[in-house]
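In what comes next, chain A is part of two complexes: it sits with chain B in the first one and with chain C in the second one.
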Partner chain A sequence: MASVILENVVKHYPNNDKSTIKDLDLSINAGEFMVFVGPSGCGKSTLLRMIAGLINTTSGKMFIDGKDITNLPPKDRSISMVFQNYALFPHLDVYENISFGLSIRKTDKKEIDKRVNDAAELLGIKDFLRKTPKNLSGGQRQRVAVGRAIVRRPKVFLFDEPLSNLDAKMRTQMRVEISKLHKKLKTTIIYVTHDQCEAMTMADRMVVLHNGIIQQCGAPSEIYSSPKNVFVATFIGSPPMNLFKGDIIKKDDQLFFKINNTALTLPLKFPDILSDESSDYTLGIRPEHIYLAERKPNDMLCSEAIDCEIELAESMGNDVSLHCKAQGLEFQSNQRHDFPIKTGDRIKLVFAIDKLHIFDENGVARPATRERSDRRKS
Partner chain B sequence: MCRIYMTIGKEKNENIGYAFISPYIIFLLAFTAYPLVFSFYLIFHRWDLLTSPAFVGLDNFIFLLHDTQFWQALLNTLVFLLIHIPLQIFFSIIIAMVLAEKIFARTFFRAAFFLPVIISGAVVTILWQKLYATDTGIFNHLLSLIGISPVGWLTSTKIAMPAIAIMATWKNMGFYIILFLGGLLSIPGHLYEVSRIEGASRWQDFWRITLPLLRPTMLLVVVLSTFGAFSLFIEPYVMTGGGPLDKTMSVVLYMYKHAFLFQHMGYAATIGFALAIVILMVVLVQKKYLGKETEY
Partner chain C sequence: MKKLILHLILLFAAVSFIYPFLWMASASLKPVAEATSMNLLSSNFTFHNYIAVFKKIPIGRALLNSTIVAGATTASVIFFSSLVGYALAKLKFTGRETLFMIVLFTMMIPGQLTLIPLYTLIVKLGWVDSYPGLIVPWMISGMGILIFRQTFVSIPGDLMEAARIEGAGELQILTKIFWPLSKPAMVTVGIITFMGTWNEVLWPMMIIREQTMMTMPQMITMFAVGGQAGGDLGIQMAASMFLVIPLVIAYVFFQKYFIEGIASSGIKG
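Right after this comes the complex of A and B.
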């Protein structure tokens, strides 16, 4: 187990005006499963490859287990990496692929044999040891790649979108297997993905990256319930958080959010912090926090009922995602699919006031939203 | 009605298709298929281009089996092949690996190495004849600068064939460099990243990754250069005429001499047929040892 610390890490390519990674600080605890998540081009793979030593760092320092590894070659960093496309040697069989690093380092043959067999046993690939990669399925290939990574017993595992090439079913299966593997090995894992579902389910903590900047770092539940900005709010969560532009207005000593170009005003529950009237605000609410009026929880403060038209009802079996329209506004609401509903129906919905998020003109969450969540945690 | 139009249209399209390929078919029939069939016919005949071919049965074959000059020519060709192909593969891979890297003026060097391939074989041969000249050649001049006495590059029975092999390597290498370059660039880069992480040296990279994954390219290069080596003709024809003492007489040059100097068309066809069998056997052996499929 080893901690990983990044201090003021920058990656700048000479032919690019903007830095790919901008002055990034991050501390990953020993034995932690850390996930870097973000859209394509956000710099997550670049950051991982910098930790691996495959890309040079423009400035800043990196430490693994307290040792400065910034200028060390990849082989001396005590890391191993699993690639998106498995990166198995096509001319070598599974045994030779797994033992590649050990044989390069001239490890004793008996020791190699023991470690390869242990890894194969752990990953359930013992029957394929003499097969070449082309005779294996995607899931089996990825297991071999993981086997190659663990057999050398590094201090940190790096996973670069390892499940992207697998079909949905295999992805779910491998996700569980990698999580279980982490529980068994207790090694620090840094895992890159663009799939928020992987990030949410696997991570101890996750880093949301955008344009080479950490947007938010924290436990998945914290990031989901208290996004620090509009980007995180919309990137994490499927369907994404509903956002409405509007102004904060004061009426009878009570603050309301007035959604632009509509007659909709929603009472705000944190007047102590949002004391001033102001414009250019964004209100956010997750689809599962918009309830059917007749089913609203008794203990929850909700808005008045809004009459909506269903533009599209996407059933997922247990749940239904309703694309709704009201007063020119479009938003999504998730409901249990235990009642008949179809496109064109009219329903009444209420917004959970306690679950509203307010973002200022720069897209940054107002402290009110975050403090509320902090209070709940404590 | 519609179907009739479609049928007529289809037939019309087919005819246009045949019209387009007909020049190629005509040339193929006239200059490949007919000579092939005719040469097979000639194997069993004696023909001097003037009189009608006379049937001789297997006489040409029997003569070939006892023709020491033919066996010498075959041996010479094999000597050429054994020097030329390893040299060609060695230098092509080395240069291709350098040209695959991001070096200064890479495009220029890639073009420069390919240039000899597109220069006429006769021109290159005459040029190298001058370079190899015992009295006035630059090679001997350079040797004299370091105190080595002149070498009979094209007049020594031991050196003439290796000298021709070196020249042929220079001439053809560009083509094989391009093939190896293609092979190198098709090896996925992340395999080298894995080996960097696992701690392999550049040398281990070459032996454990590059060379095994170049196997399909290697097979192609070996087969193509085997064809090339067995058809060795213009170099000895221009530079040595097959000498000294028939030591650079290749099978094709020997066949040419029988066909067009001695008018032994039947016997020349038999030599050609024998050469085809030898090439087939060599290529089959090569394929057995190199033809393992690799899938990335």
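Right after this comes the complex of A and C.
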């Protein structure tokens, strides 16, 4: 187990105007499963390759287990990596692929044999140690790639979108297997993905990257429930958070958020807005925090009922995603699909006020407090 | 009907191509009286001509010289050209494209143009009548670099990076990953180089005077044209057969690699 620390790390390509990674600080704890997530081109793979030593760092320092690795070649960093396309050597069989790193390092033959067999046992690939990669399925190849990574017992595993070439079912299965593997080996893992579902389910902590900058770093549940900005709010969560642009107005000592002609009562959990009445705010609410009026939870402060037209109802079996239109607003709401509903129906929905998010004109979240709820209860 | 005509044309082309070779093989096995006949078959086939060649010239020594020179040159061209090809295909450094252009440019220069300066150089180095004189000038080739570079470009960079992470150095990546994945290219470069060196007459003629250092084509040319064969066609053909047989054997042996593609299934395409 080893910690990974990045200090003021910058990657700048000479022919680019902007830096790919901008002055990035990050501390990954020993044994942690850290996921880098972000859209294509956000710099997540670049950052991983910098940690691997496959890409030079323009400036800044990187440490693994306290040792400065910034200028070390990949082989001296005590890392191993699983690539998106597996990168298995096609001319070598599974055994030779897994043992490649060990034989390069001239490890004792008996020791190699033991470690390869242990890894094969762990990953369930013992039956095809003598097959070449072309005779394996995608999932099996991925297991071999993982085997090659674990057999050297490095301090840090790096995964570069390892599941994106697999079909949906195999992806779910491998996701579980990798998580279990981490629980068993307890080695620090840095895992890159563009799939937020992978990030949410696997990570101890995750980093949301955009334009080479860390947008937010934290536990998946924390990032989901308290996104720091509009980018994180919309990137994490499927379907994404509903966003409405509008103004904050003050009326009878009460704050309202005004969107088009619809006025919603604004909760008082954003105290600093009180003195800051202005326009250009963005209101956010997750689809699951918009309830059917008749089913609204008793202990939850909700907005007045909004009469909506269902533009599209997408059923996923147990849940239904409703694309709603009301008073000039368009938003999505997720409901349990235990009542008949179809496109064109009209329903009444309420917004859970305590679950609202407010972002300022720069897209930065306003810190929420539980004041209003607490006061209401007392 | 169309197919039949096409096949007849192809058959004619094939026969006209192979006939001179078969005639040479046949003439080398015939007695003097029959040697000039255009008929491929004879009831009097004999190895007399081959024995005569062995008696008249040290063909065994020439065979050894040719094997050493062509073998060493081929091994060296494969090694050094693949080194340069690897660098040009996979390593990033300033001036890489310019260097590649220079390599391509060397291929445009006719060989005859460099013969005189090269000869002067070899004389100054004291390599006349020696193996280094025959081998060193041809140890790397632009054509070899080009073929290796083009082959290596198509090998996914991920394999190289994976090997690097596993602890392999650049030379190990080349020999353990890139070479095995480029067998057809290696065989192609190998055969072209081997044939070129094996058949080379002009260069050995320039720098070799000693009979013991002569290569096969040089010795056979001197023998056939120089009058030692005494105008005996059968013996001349037998000597020529010595030149051809190793190449035919080499080709038959390596032919499958020309057909064999790279089985690159470790990478999902």
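General remarks:
What we mean here is this: the second predicted complex is superposed on the first by the 353 of 378 C-alpha atoms of A that agree within 3 Å, B and C clash if a C-alpha of one lies under 4 Å from a C-alpha of the other, contacts with A are read in each partner's own complex, and residues count from 1 in each chain.
Keep in mind that, in the parts below, a contact is a pair of C-beta atoms (placed from the backbone, for glycine too) under 8 Å apart; a residue touches a chain by one contact, two chains touch by 3 or more.
Remember, predicted model here, so these are calculated numbers, not experimental data.
For the composite obtained by overlaying on chain A, chain B and chain C cannot both be accommodated without a clash. Within the superposed three-chain model, A:91 lies in touch with chain B and with chain C [touch as defined at top]. Once the two complexes are laid over each other on the shared chain, residue contacts for A:138 go to chain C alone; chain B is not touched.
Of the two partner chains placed by superposition, A:219 touches none, neither chain B nor chain C.
Looking at the shared chain after the overlay, A:293 reaches neither chain B nor chain C.
Of the two partner chains, chain B and chain C are each touched by A:152.
Of the two partner chains, chain B and chain C are each touched by A:74. Ranking chain B and chain C by residues of chain A touched puts C first. In the superposed pair of complexes, A:105 makes contact with chain B and with chain C alike.
Judged by the document's definition of touching, chain A residues 52-54, 73-75, 79-81, 83, 85, 87, 89-91, 100-101, 104-105, 133-134, 148, 152 lie at the interface with chain B and also at the interface with chain C. In the complex of the two chains, the chain A residues touching chain B come out as 52-54, 73-75, 79-81, 83, 85, 87, 89-91, 100-101, 104-105, 133-134, 148, 152. Remark: chain B residues 188, 190-191, 193-200, 204, 208-209, 212-213, 215, 294-296 touch chain A in the complex.
Against chain A, the residues of chain C that register as touching in their complex are 156, 158-159, 161-168, 172, 176-177, 180-181, 262-268.
By the touch criterion given at the top, residues 52-54, 73-75, 79-81, 83-91, 97, 100-101, 104-105, 132-135, 138, 141, 148, 152, 165 of chain A touch chain C in their complex.
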